[in-house]
Amino acid sequence: MVRVEFLGPIQKAPLELEITNLSELAIVLQKDSEMSEWLKNCAVAVNDTLVSSLYVDLKDGDRVSLLPPVCGG
Amino acid sequence: MVRVEFLGPIQKAPLELEITNLSELAIVLQKDSEMSEWLKNCAVAVNDTLVSSLYVDLKDGDRVSLLPPVCGG
Amino acid sequence: MLYLYNGALEVTAILKEWYEQEAGSNYGAYIPFVGTVRNEDGIEGLSFDIYEPILESWFKEWQERAKARGAVIKMAHSRGDVMLHESSYIAAVFSPKRRVALEFIDEFVEDFKASAPIWKYDLKGGKRIYALERSTAIKGSGILGEKS
Amino acid sequence: MLYLYNGALEVTAILKEWYEQEAGSNYGAYIPFVGTVRNEDGIEGLSFDIYEPILESWFKEWQERAKARGAVIKMAHSRGDVMLHESSYIAAVFSPKRRVALEFIDEFVEDFKASAPIWKYDLKGGKRIYALERSTAIKGSGILGEKS
């Protein structure tokens, strides 16, 4: 199982999904209309490391985080 | 009389000179061998306003200051 | 050298603590940047969420960049609510000479704004409203929205 | 907002005083620059001469530049001796937004170094030695050396 967490202002409970890469996650989340705006502007981290493409394999126990636009300070 | 002051590290007592412009001051100071290095790197102020050329008239009571290279902070 | 606090920062105490920490380190320049909540758009204050694991790894990279330039970087940020005219953010660089410090504080603060995983909310009429228009998508954002 | 002190600056007290002076002014960014005496070349400390009339007019021009950009500039400097690891110089800018503050503190500190009528001496073996090699001739220097 891969755990998917939605950070900051995204009001969505974590998901536990049987997926093996980020492309599969994209397909799942693109079916969720509440997520469509967030998918355009969120960054993605796997086990707390930011990734820059969907070509990332996932294994059991991995954690994916979605990070919406930031504004510290 | 025009008063000429030497600021900061220049170890020289003020002068009181009968001069009518900065060119005359240059001639006087260029005769002083102790001043030759300072004349190359000093800025000049007349009545506490920096000037950028010798074409400045002086009148009785004016005050000329020589400012050697600076290093605040 | 990353300090997170609940609520507003005690600016004077933090600036003093950092100055004293480095008092014997022979740095010639100390430049803090202090960010304070401004009264605009009728807000009562701001509120912040922080995702600490990624903030820590982001900050660690900046510590290494500072070290490579002979400098030290420190940062403090608030979690939760910070009201008008209170401060929520301090970053500071120490370096032997001024040029590195002046350039580093600018680079650090700009990347902080663009990359640090912190989310800002306006406090307005008792509500906590995500400040989307003032926020910046982290570099590489949007990959999950691509059609595969 | 130009403060001259005999001997070392009380950094924490000055940073606190300035922060509190502007606490209600609605500035979002406060950037102090603190200059501290470094241990190098075997010096025991530094010493400073200041020509105050021109320092004041130079600073007044910078206050006007700050005002034109919606900012405020403050500065403190030591007269006389400042020993190792003590601080002799603080400049600080306050502005509504960060970009102006980050740019202004850099411009101000660089022009301060190039133009402010302050002379620095190394304190070494009980002597006060003018730091000519680290000093900068003010713009327009040298006119009295020209042959007329």
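Should a chain be cited, it is by its letter among A, B, C and D, assigned in written order, with residues numbered from 1 in that chain.
Basically, contacts are C-beta pairs under 8 Å (C-beta built on N, C-alpha and C of every residue); 3 or more make two chains touch, one makes a residue touch a chain.
Note that the structure is predicted; figures quoted are calculated from it, not measured.
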Clusters that remain linked by touching, chain D excluded: A, C | B
| item | value |
| --- | --- |
| Intercentroid distance (Cα basis), chain C paired with chain A, Å | 25 |
| Distance between the centres, which are taken as Cα means, of chain C and chain B, whole angstrom | 50 |
| For chain A paired with chain B, centre-to-centre distance based on mean C-alpha positions, whole Å | 71 |
| Shared interface positions of chain D, touching two or more other chains | 35, 98, 109, 113 |
| For chain A, residues that touch 2 or more chains besides their own | 73 |
| Pairs of chains, among all present, that meet the touch criterion | A-C, B-D, C-D |
| Complex contact set, residues of chain D against chain B | 35, 48-51, 53-54, 57, 77, 88-89, 109, 112-121, 130-132, 134-148 |
| Residue numbers on chain A that touch chain C, as the complex places them | 7-9, 22-23, 25-27, 29-30, 36, 39-45, 48-54, 65-73 |
| Residue ranges of chain D in contact with chain C within the complex | 11-12, 15-16, 19, 23-24, 26-39, 85, 96, 98, 101-102, 105-106, 109, 113 |
